[in-house]
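Please go over the structures that come below.
Consider the two complexes below, in which chain A is the common component and chain B and chain C are the respective partners.
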Partner chain A sequence: MQEVVLTPKEQPSYGLIAECISCDVFAGKSIEEIEALPVYYGNKQGKLGDFFDVSGEVASSAEEMRIVIAGDVTKTRWIGREMSAGEIVVKGSAEMYVGAWMRGGRIVVEGDVGAFSGMLMRGGELRVEGNAGDYLGCSYRGEWRGMSGGTIIVEGNAGMEVGQNLNGGRIFVKGSVESFAGVRMKKGLLVVGSATDRVGAQMTGGTIVVLGSILRLLPSFDFAGEVENPEIDGESFEGVFKKYTGDHAERNAKGVLYVRKE
Partner chain B sequence: MKLILKNGFVYDPLNGINGEKMDICIEDGKIVEDVKDAKVIDCSGKVVMPGGVEIHSHIAGGKVNVGRLMRPEDHIKNVMPKTRLTRAVNGYSTPSTFLTGYLYAKLGYTTAFTAAMPPLMARHTHEELHDIPMLDKGALTLMGNNWFVMRYLKRGDVELAAAFVAWLLKAAKGYAIKVVNPGGGEAWGWGRDVRSLDDPVPHFDITPREIISGLAKVNEMLSLPHSIHLHANNLGRVGNYVTTLETMEVPNGTKPARERQVVQLTHAQFHSYGGDSWRTFASEAESIAKAVNNNENVIIDIGQVVFGDTTTMTADGPMEYYLSSLTGLKWANKNIELETSPGVTPFVYSKRSPVSAVQWAVGLELALHIKDPFKVLLTTDHPNGAPFFKYPTIIAWLMSARYREETMKEVHGAAQKNTTLATIDREYDFYEIAVITRAGQAKSLGLAEKGHLGVGADADVAVYDLNPEEVDPSRDYKLIEEKFARTSYTIKGGEIVVKDGEIVKVVDGRTLYIDAKVDEGLERELMRDIDYYFKRFYSVNLANYPVQEVYLTNPTPVQIDASNVR
Partner chain C sequence: MHRYTDVICSFCGTLCDDIEVVVEDNRIVDVKHACRIGTAKFFASNDYEHRILKPMVRKNGKLVEASLDEAVERAAEILKSATKPLLYGWSSTSCEAHSVGIELAEELGGVIDNTTTVCHGPSALAIHDAGYISCTLGEVKNRADLIIYWGANPMHGHPRHLSRYSIFPRGYFRERGQQDRELIVIDVRKTDTAKIANKFIRVNYGEDYELISALRKVVNGGELHQESVAGVPREEIIALAEKMKNAQFGVLFFGMGLTQSYGRHRNIDNAICLVRDLNTHTKFVIMAMRGHYNVVGFNEVLSWQAGFPFAVDMGRGFAWYNPGETTANDVLQRGECDAALIIASDPVSHFPRKSIEHLAKIPIIAIDIHPTPTTQLADVVIPSAIVGIEVDGTAYRMDAVPLRLRKVKEPPEGVLSDVEILRRILAKVRGEQLAAKAEVAR
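Take a look at the complex of A and B:
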């Protein structure tokens, strides 16, 4: 595997749109060509090389490619947009839309990510070692067909509306999540450490597992018995879980919610 | 600008020119006999047609904007930055105003009529039309559920109805009478719909049949350039072809005042369904086509479906509600007081769906079963069947039986089983394509200076990089699709606006509207009545209702003397 290192130079104080940071885009280009890739900030257009020192070796195909961002890029957005293969490692935190529309490959962020990360993912893996913002693994504004494949793993906490409109794939948040986790979910698996209120609101399919406590359960969920060490979608969970179905405020709702019994 | 388009294969159906090698001369925005010291454009090996004319497309107005507002996920699919000439634009099935103009120009279209303008939203509609460059424009004006129209027609006062229509077209700066689900929009105000031609409209006690025949009569009394433009009742319902067949007979007693049809049945694809449930949903396109072939008063436009994601929007509120309850997708409703009630909901035409597959086939069946191409105009009812920039794909389907066969293999078997499409081997030629995309439209709309390349016509021309002597559309359908999507040249009002599929000049078109004069005494009587009703029912003042010319780009009134209406 060949590695390209992007070392952050002085960063803008507002969002840097850098959808070009993707193995698919870099593959087969020279270092000079990569430096010249367009980025946008405010109403201006610049070059990737204006904000990053680019070094290393470029592979001829995305599969053979690793991009390392050597430091915090807390203003950089759209890292790994539509990526289909290869690996991106961010040795720090990134801003919004990390791994949006991703189809394959792997992105590892050692710090935090901003809102809308993993938006509309179709495949691949997004691993966040810190916390994630709101709308992790969500759909685009107005879109009713959400993330449909791939895996998101967050070691820390996540914000509101995790897995909104989820339509396939898996999301694991080891810490806690805020309101509306799995809202309007239709398919797939969402596992969270602990949750607050309105979990699974308007869900019609798929499974949500809460490994710890839940602040409030929606009244439109039906209790469906207790399960010991359940195996769900090929994942096994230890302990006794209360099983609920819902959200029965919707027609023909077939969602399942497991909450660990205290 | 002086131009000579040299040596192209010219297709100009209104002048009977079928692929002859000719030169077209242009001076001062008009086609002329001869021109000196002109710039010469070599069109040898290329198809030359009049600029395309769009007769029915939802490009501006209240519900178009509601569609834009409720579909941010549609914008993100197509985002284009500003260039030296063009603005930053976005949108797929609900393109922004500027993008609408650019896209039409690239297809070789130079004129477009927005399909449904509620008079109360006329100011907004014209503000949007103002921002659509590259095209001459006009607006079909909604009247089929208008309180004044229904009152006057019910009491049999056709003259007063005619005076009102004349006043309304001038006030709203509209071009033609549009009728959408006659009576159904008003009934929707009471949570109901009308399901047959003889269902009475609540509180008005008038029937859809009376509204259609009344407005057809009014249209001919005023001798308007276009016929009535009718979106029949029961759009999209299973088995609705019965209503459609009956509707065609309604204005049969009315004689056209000009050389054209008496009624244009719009987006006929959505009105040609058989079966008695969604399970038995089937095509009745053949019956509809037969009726159109035998009825000299009726023409249709197709309203073709192309597979993919789109936004449906009509002034037919109850129908949009019904559709959204089938799909479970988001829905918006608008109430335009005293006038109409539009709705908007997204829709996905899926190749795997038996219903979508049949709908796709029905549109093509209509185009292929109807013998006279002047009776079947190409539309997608943009964006209801598909966005208008899918026209090249439809043209390729019509020109190639093989392409239809290929597509048939990819879609649900219902298209094969429940329609006659697979049995048709007719293929359109370039001449017929020129009819269904420009000449037929211009004739239907009564636009004497458009849709043809005779001396005196507007210098609106499209040049496509296709050599009819070398290309076999039946086999090279992909080439047809590609070349009809990007003109070599689009010429608008004598200026080159598109070259090799790229915008090279941005121009403002004209806005056409009807300025019809009826008898002064009749008009005074009308104004007394309107004044009273405005005070009682409208939330706007009568004085603030008419749209001033300043809202229009290059306002172009079409003067009509109807002073014999008294």
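Take a look at the complex of A and C:
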């Protein structure tokens, strides 16, 4: 695997749109060509080389590519957009839209990610070692078919509306999530450490597992018994769980919510 | 003396169109039919002491009087040199001004947003997800027999909404007016609207979403297991669901109590879905109680010019929309914009402190009729004429019906309309480009 290292220089306060940071785009290009890739901030267009020092070796195909961002890029958006293969490692925190429309490959962020990360993901893996912002693994505004494949793993906490409109794939948040986790969810699996309220709001399908406590359950969920060591979608969970079905505010809702019994 | 009839009041989203105004020597001497707020707005146009009459430009830290050309020139300079200008306000001016403003945003590659962002922005997001089952206010007047106000207090915010459209008027199918209708108010406190309602339901603060979910479950034939939800007893929820299902024509008006309380756009999403569910039993519609008289107009104009209702970033030459990233407060709080044009709005009074802290750091161009904290913070201040009193223009009522506002008197000397001011700034921003084109044409 060949590695290209992007060392961040000063980042613009306007927010840097760097959708070119993707193994598919980098593959087969020379270092000079990568430096000249377009990035956008405010109403200006710049070059990737203006904001990053580019070094290393470029592979001929995306599968053999690895991009390392050596530091915090808290003003850089759209890292790994529509990526289909290869690996991106961010040795710090990134801003919004990390791994949006991702189709394959792997993105590892050692710090935090901003809102809308993993938006409409279709495949691959997004791993966040810090916290994630709001709308993790969401859909775009008005799109009712959300993330449809792939895996998102967050070691820390996540914000509101995790897995909004989730339509496949898996999201694991080891810490806590804020309200509306799995809102309007249709398919897929969402596992969270603990949740506040309105979990699974308006969900019609799929499964949510809460490994810890839940602050408040929606009145439109029905209790459906207790389950011991359930196996869900090929994942096994230890302990006794309370099973609920819902969200029965919706007609013919087939969503399932497991909350660990305290 | 001249008596104008059927004048449209340019205050709130109700856009009352039956106002009579008497003008003598370019002074309004009488206003009939308008509410107290509308009347006050008409009379306030007489008072030049509280108006900005001359353009001002900040020099050595002080705002000093300047010529209009100088102010426009300075405004164009600020905007042209900005990397991410924010164009904000818009809800209290005409659609014609919106149209020019959007063109200016496109020319500059800026972010354009209006007050929707702090009022019914959540409604727009919910409408993307759930659609909008609505009607015109005329249909409410002629057909509605069950009227619900949820998180809205029209007695204060839209004083003539009740008497013109919802509960009091006699309609085609509601010949006896109020006797043929029922009013239910759902709110966290007993408002003045709740006091005249047939039924008031007090919902716990921040638990509207739970109550809507419970109502939907009952409407859809489910069984409610809880003794009470959001502070409302089970029997009351079931009775309300039955009442809604058995109405001939029900309407749910919702206000800021639902859009800006905990849950925001999901409250509206759920409420729209409730109305959708009710339509399997009867005819039911939902309508947002829009505040500013032309806030809907901006959403309409931006939708047809840029494809989205608010919060559009034109930075890359095309319209990109994602509230949370492109909304005015997010752009300000992340410290992204480096200049702002504020028109017909006062964000310094109404935005969160963190947003204002950034506004204080960047150059501001303020176009307004009277001094506000925003104009005091601005680097360029340009006075404008009052739309609907001193200049005409188009505005959209809360049910998205466009109405033509009328001019009843002359603006103060030398004061231009918002449209004209924006056209001049746009021409100045384009500057040489226009001149070059003229050269070729010749």
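Criterion: the second predicted complex is superposed on the first by the 262 of 262 C-alpha atoms of A that agree within 3 Å, B and C clash if a C-alpha of one lies under 4 Å from a C-alpha of the other, contacts with A are read in each partner's own complex, and residues count from 1 in each chain.
Keep this in mind: contacts are C-beta pairs under 8 Å (C-beta built on N, C-alpha and C of every residue); 3 or more make two chains touch, one makes a residue touch a chain.
The structure presented is a predicted model; accordingly, all values stated were derived computationally and were not measured.
In the superposition on chain A, no contact is made by A:24 with either chain B or chain C.
By the touch criterion defined above, A:87 reaches neither chain B nor chain C. Looking at the shared chain after the overlay, A:14 reaches chain C, while chain B stays out of its contact range. In the superposition on chain A, contact is made by A:183 with chain C only, not with chain B.
With both complexes superposed, C is the one of chain B and chain C in contact with more chain A residues. When the shared chain is aligned, no partner comes close enough to touch A:112: not chain B, not chain C. Of the two partner chains, chain B and chain C are each touched by A:141. Residues 140-142, 144, 251 of chain A are contacted both by chain B in one complex and by chain C in the other. Here chain B touches chain A in the complex through residues 70-74, 76, 328-330, going by the rule given at the top. For chain A in complex with chain C, the residues that touch the partner chain are 12-15, 17, 40-44, 96, 115-116, 134-135, 140-142, 144, 179-180, 183-184, 198, 201-202, 218-220, 222-223, 247-251.
Taken in their complex, chain C has these residues touching chain A: 82-84, 108-110, 125, 128-129, 209-210, 212-214, 216-217, 220, 222, 224-226, 229, 262-263, 266, 269-270, 273, 277, 314-316, 321-325, 334-338.
Residues of chain A that touch chain B in their complex: 139-144, 251.
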